[in-house]
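Notes to accompany the following structure.
Chains here go by letter, A, B, C and D, matching the order in which they are written, and residues are numbered from 1 within each.
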Amino acid sequence: MSDDTSRTGLWFIGARGSVATTATAGLLALQAGLIEPFGCVTEQAPLSEADLPGWDQLVVGGHDVASVPLDKRAEPLAEAGVLPHRVLAAVRDGLREVDSHIRPGYSPSLGEESQRSAADRLAADLRDFRSRHRLGRVVVVNVSSTEPPAPPAPEHASLAALERALDDPASTVLPPSSVAAYAALRAGCAFVDFTPSTGIFLPALVELAHQAGLPFAGRDGKTGETLLRTVLAPMFTARALKVRAWAGTNLLGGGDGATLQDAANASSKLESKARGLAQLLGEPVCAPLHIDNVPSLGEQKTAWDHVAFDGFLGARMTLQFTWTGLDSALAAPLVLDLARLMSAALAAGRSGAQSELAFFFKDPLVPAGAEVEHRFAEQTARLHAWARGLGR
Amino acid sequence: MSDDTSRTGLWFIGARGSVATTATAGLLALQAGLIEPFGCVTEQAPLSEADLPGWDQLVVGGHDVASVPLDKRAEPLAEAGVLPHRVLAAVRDGLREVDSHIRPGYSPSLGEESQRSAADRLAADLRDFRSRHRLGRVVVVNVSSTEPPAPPAPEHASLAALERALDDPASTVLPPSSVAAYAALRAGCAFVDFTPSTGIFLPALVELAHQAGLPFAGRDGKTGETLLRTVLAPMFTARALKVRAWAGTNLLGGGDGATLQDAANASSKLESKARGLAQLLGEPVCAPLHIDNVPSLGEQKTAWDHVAFDGFLGARMTLQFTWTGLDSALAAPLVLDLARLMSAALAAGRSGAQSELAFFFKDPLVPAGAEVEHRFAEQTARLHAWARGLGR
Amino acid sequence: MSDDTSRTGLWFIGARGSVATTATAGLLALQAGLIEPFGCVTEQAPLSEADLPGWDQLVVGGHDVASVPLDKRAEPLAEAGVLPHRVLAAVRDGLREVDSHIRPGYSPSLGEESQRSAADRLAADLRDFRSRHRLGRVVVVNVSSTEPPAPPAPEHASLAALERALDDPASTVLPPSSVAAYAALRAGCAFVDFTPSTGIFLPALVELAHQAGLPFAGRDGKTGETLLRTVLAPMFTARALKVRAWAGTNLLGGGDGATLQDAANASSKLESKARGLAQLLGEPVCAPLHIDNVPSLGEQKTAWDHVAFDGFLGARMTLQFTWTGLDSALAAPLVLDLARLMSAALAAGRSGAQSELAFFFKDPLVPAGAEVEHRFAEQTARLHAWARGLGR
Amino acid sequence: MSDDTSRTGLWFIGARGSVATTATAGLLALQAGLIEPFGCVTEQAPLSEADLPGWDQLVVGGHDVASVPLDKRAEPLAEAGVLPHRVLAAVRDGLREVDSHIRPGYSPSLGEESQRSAADRLAADLRDFRSRHRLGRVVVVNVSSTEPPAPPAPEHASLAALERALDDPASTVLPPSSVAAYAALRAGCAFVDFTPSTGIFLPALVELAHQAGLPFAGRDGKTGETLLRTVLAPMFTARALKVRAWAGTNLLGGGDGATLQDAANASSKLESKARGLAQLLGEPVCAPLHIDNVPSLGEQKTAWDHVAFDGFLGARMTLQFTWTGLDSALAAPLVLDLARLMSAALAAGRSGAQSELAFFFKDPLVPAGAEVEHRFAEQTARLHAWARGLGR
């Protein structure tokens, strides 16, 4: 299906986090034929018919500020039911090897390093990874903890302004996710933001991506409640049912719960969800939404939604759903899919925002001259069309 | 939007049942501008842009074996929360007038009438209705109680065989819903089966529809659990999530609950649901399903579904939903929509099975040379395309 | 069962609110034999065997700052499904008559009236009500909107200090609910706080109740989520199951939702719920709790609780429940029950805190020298024992 | 707390089934101090204050017709999340040792053995177990698969009639669970039926228990839906709320699901549940109930209940709950508790039906001269009183 130059690097920002660890362990298990590819959309038609790198052609590396090695990091995931014990036993050596490709990440809290030096260091890591493993292409995926929204700054407005700011060693004009995105582009990599963090989504960095002819995608992986909302809301609309209120509560354990309970970090997620719902329904509705940190749930994520709607003659009706998922198990296969798809996009010379990948994201990119598409069925159709356009 | 010849008769089989009473009262309220058209899909784009009869151009009549007048029949619906008391007060006179257009229905248990005579009588009622009200077209919609599945018979295989059988006064070769469908076609009407009963779905009657150049649609209105299944199952498929089991329980009060608790009547509904789910998921799954009669729920219908699915690395996850609706309030606007759409189909000269109306049905018609389409988003797209083809 | 002196006045603070209107309409319907006494615990053994006033012996009056008459106030309750239309039609005249017994309430925002004058005026209304209707006893029940927690003040510490403060015409040392409680006690009435407002729960007013030999009860009627928690938590405890997290979300429409969405008012309710849960489980647990205002729900109140618990060998298990109730329909019969029971307590010479009525309350009174009792089964047993002690 | 003669044998009928395997592994983990005793009610006051054998004083053996050794049998339980992998690793040797105490069970399908010989063989196994391990007492607990209801037979009516029947080598008058109960009594053991099978519940065997002065308890362990019903139904009753319908659906995987999907086996369970609900509510209600076998759920058991009830003024309200538990993890600690409690009952010389242990059972024994007690709070109080009566 593909020649040797299609060997693809998958480089995680946050390579020792739950999502990256699960994705890495799962990739090793897929390579070894230990598991079925449940949750991997690139394994089924029509995406499977595109010219994508095979599982064997993916090589994992990454940045992280944490130092617990991957095989240790995988143990609580096994306890939590995300990673079967038999799989962990089989991929332990592979995890150790991938861990040897992980380099220290950038964090402003870790010392004196200027953002310019950090970006140079990160880009050098990526170039080294590419040459050492003889990779045709590298896709950088941000799966690190959600950052608070970055305050707007004039230096974000253009690449020139950003470069001038970075020349000042004392400048900390970029959030860490954007330093990583900048480095990825400078090293010639595609970039995917699987979190709601700023990442590449600054005019200066979008400009750089276009200049470098590199594709990017995002943002904020759609794995649970929002997935259901983008499936169910179009049903109400198609049936002319009047949604009066759509309330939701999310119970999260693990690191994500702790990060999101902090009001500042949660606010970007909550706002993006409310915007999406209003766009789907064609009008704003009463939509109280909560994210609660419940540490005892561990990797489990439970979302409860209650939709009150009016039908014919004003009849009051309701739909409730409860979604109980393992967050990393939902996110990991999408991350692998995105690595394959973005690798093919790189190979096909695609550049700039890949809004056709909205299927994967809570807060998808807006197509040029069009409205954002949140409806899941339409997102699916667009993704399929986009993949068909990649050639075989 | 349309001239006088577009006055359309909406003739109910089961005109004094809950669905027909709700639809009639609702139509009167729409004509009087008393309510918003929630649940009416023909009131929103793109369907609203087709050349459909206006609410004012619809005239209601029907057959029923029951004799309680419509205005009395509406009272328990008001108690049950389906029909607001203020609306009932405003449409009471209108209901009395419609009731005067209702003629005795056919039932083999009601006496000596042969099926040939019954069909002639029903067809004469339809012709009389058309001429008396100067209607351009008439759409017959079956909303009577679900019948048990009709035993197969050689007389169903061709129109000629059927006509021969009907010549025998002692023959009861057709279930009542098919007698009604036969009469509708003989009287030049479009036919819609909103129930899972046999109705027009016999080769002999399909032959007659083609011969007469008349359109038909069906079957079994999709108002609750199945609607959600046709929305949610494609999500699991699109995301490559492996559904392991999809269990459902339906609690119904009212007449429908009582009819369906009878195992023979329920079996056709249960089988059709299981088939649909397997088709949506691409393979059969463990899918226990129950319909329970709970009289105290009245018009309320509660469906609980529990979906167990596997994600990446075999992670066990679940989705549960509870849908609480008022059955007649869900069905009635669809019936009005179908009357308008089938009137336009008649006007446009459409003939035979209108499989593009799958959007409305649990057990949709199979398009010629293709597989049945259960996926709701695709059904929506096809309905919109079909309506655009009707012209404006 | 009781002689003429047992005619009992039921005086509502907030007499034109949803709860009081529902209770009044329901009482009129009970007196007329129009409804069954569902939800009225004094109608079943063993409470029904105590010497309680009959429905015919209850006379309703009250204070309110609103002026919409009761029969108008009842109309939205009929629309909302709380009050059947046929009942409203039958009790309309009775509501008008009760409305003629309603006097203007006290609110600091309504003018210049000093708290001393207000209390005197309210007490005079109560005395006038008692003599005009020849009532043996009067029970005052606070069902007005929840107040924000009252700031502590030295004047609350003793009756003497409070009286001195009230002598100052500019003093506003009491929240309105406490002015009402003070007036009730001065007029020789029993007092029940069905809300979480301060009411009688200040040392000065408790002192006054003891001095006057009058009984009181409270506080905060237990009608939904908390009722279930006080039933379910003892199950986990009795079975040695380790509750790890108990999350809850409440969706409320109507006035209560609007009042409680205001953070200050909600805080007293949220704190009281968290305290109760910890007391029931014997230790604090992670218990995120939300109250959301969803106006379209009207009188409906939906509570969703998610309990994560560990069993043997650390097995992770969950219980979820969804309670969908009509708030006023849950509260109103308890208010009527409390009126009958407190009337009997007055007759039996009971004085001070009636902690045995914990059955009715979210935040029950602490028995002297004992811990507060939240467990519903124990509350039920104590109520029954208390009622048996009243004599027959 | 107790001397050496209190060493107690816990003998399982079905010793290699999920419940017995979980209980055995858990007991070994408790003895090794590896886990907290969640779910064990004898570890908390007031039961912990009775003179019960300690975990170290319990020795496990049993009968089974299956031959997979315990340590192998435990592996799927670890995969299913019932038994933590770290615990399995630590108790593997212990499981092998217990497995060496397991003897072949009796099944009529396994050969020519007469019921008299089988009973003699089983009783000899029990006597051998007691003497070999120097046990003061032995408690036999039936946790084998649910049998179909045994057809009534005159030989069950008295011990004399039964003994005569057993003298006939061709007789198969007893279901296997009753052969086991007979053998237990003949060997001087206490007997507990944790299943709905017949077991000791035949007049002839009850007579034998009284003659032998041995205590017994049962039947059908209360671990999920019924536990909740016995907690929630008394709430509706205490609050005078009128339950109109109580519908339930149980989704079970594992062996239990497969056994119960067989209509004959399920019928005893369904009937017992319906009887219990009617008794709790004081009248029969519409209570459709289903048990569905969903193999992919494995050890997980999900129960969904929907309660429709009427409140004041006939207001329609609902409670729904979903209970998701691991069946063996719920049952196992109760089995250990029962072994300790019945050992103490033996020591205290209790004889006959121990109806005070209703707390543990779906279909509890009826106290002499009284009604059966299903209410959980009352069951808890009786259990505590009974345990206090055992002495310390």
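Just so we're on the same page, a residue touches a chain if its C-beta (ideal position, glycine included) is under 8 Å from a C-beta of that chain, and two chains touch if they have at least 3 such contacts.
Computed from a predicted model, the values in this text were never measured in an experiment.
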Which of C-D and B-C has more C-beta contact pairs: C-D
Computed distance of Cα centres, subunit C from subunit A, in Å: 51
Chain centre separation (subunit B, subunit C; CA means) in Å: 49
Averaged-CA centre spacing for the pair subunit D and subunit C, given as whole angstrom: 44
Where subunit B touches two or more other chains, by residue: 81, 84, 310, 316, 318, 320, 322, 324
Chain contact topology (line, ring, star, complete or other): complete
Complex contact set, residues of subunit B against subunit D: 244-245, 247, 249, 251, 286, 288, 290, 292-297, 300, 302, 304, 306, 308, 310, 316, 318, 320, 322, 324
Subunit B contact footprint on subunit A (complex, rising order): 22, 25-26, 29, 35-41, 43-44, 81-84, 87, 227-228, 231-232, 234-235, 238-242, 310-326, 329-330, 332-333, 359, 375-378, 380
Touch list for subunit B against partner subunit C, complex: 78-79, 81, 84-85, 322
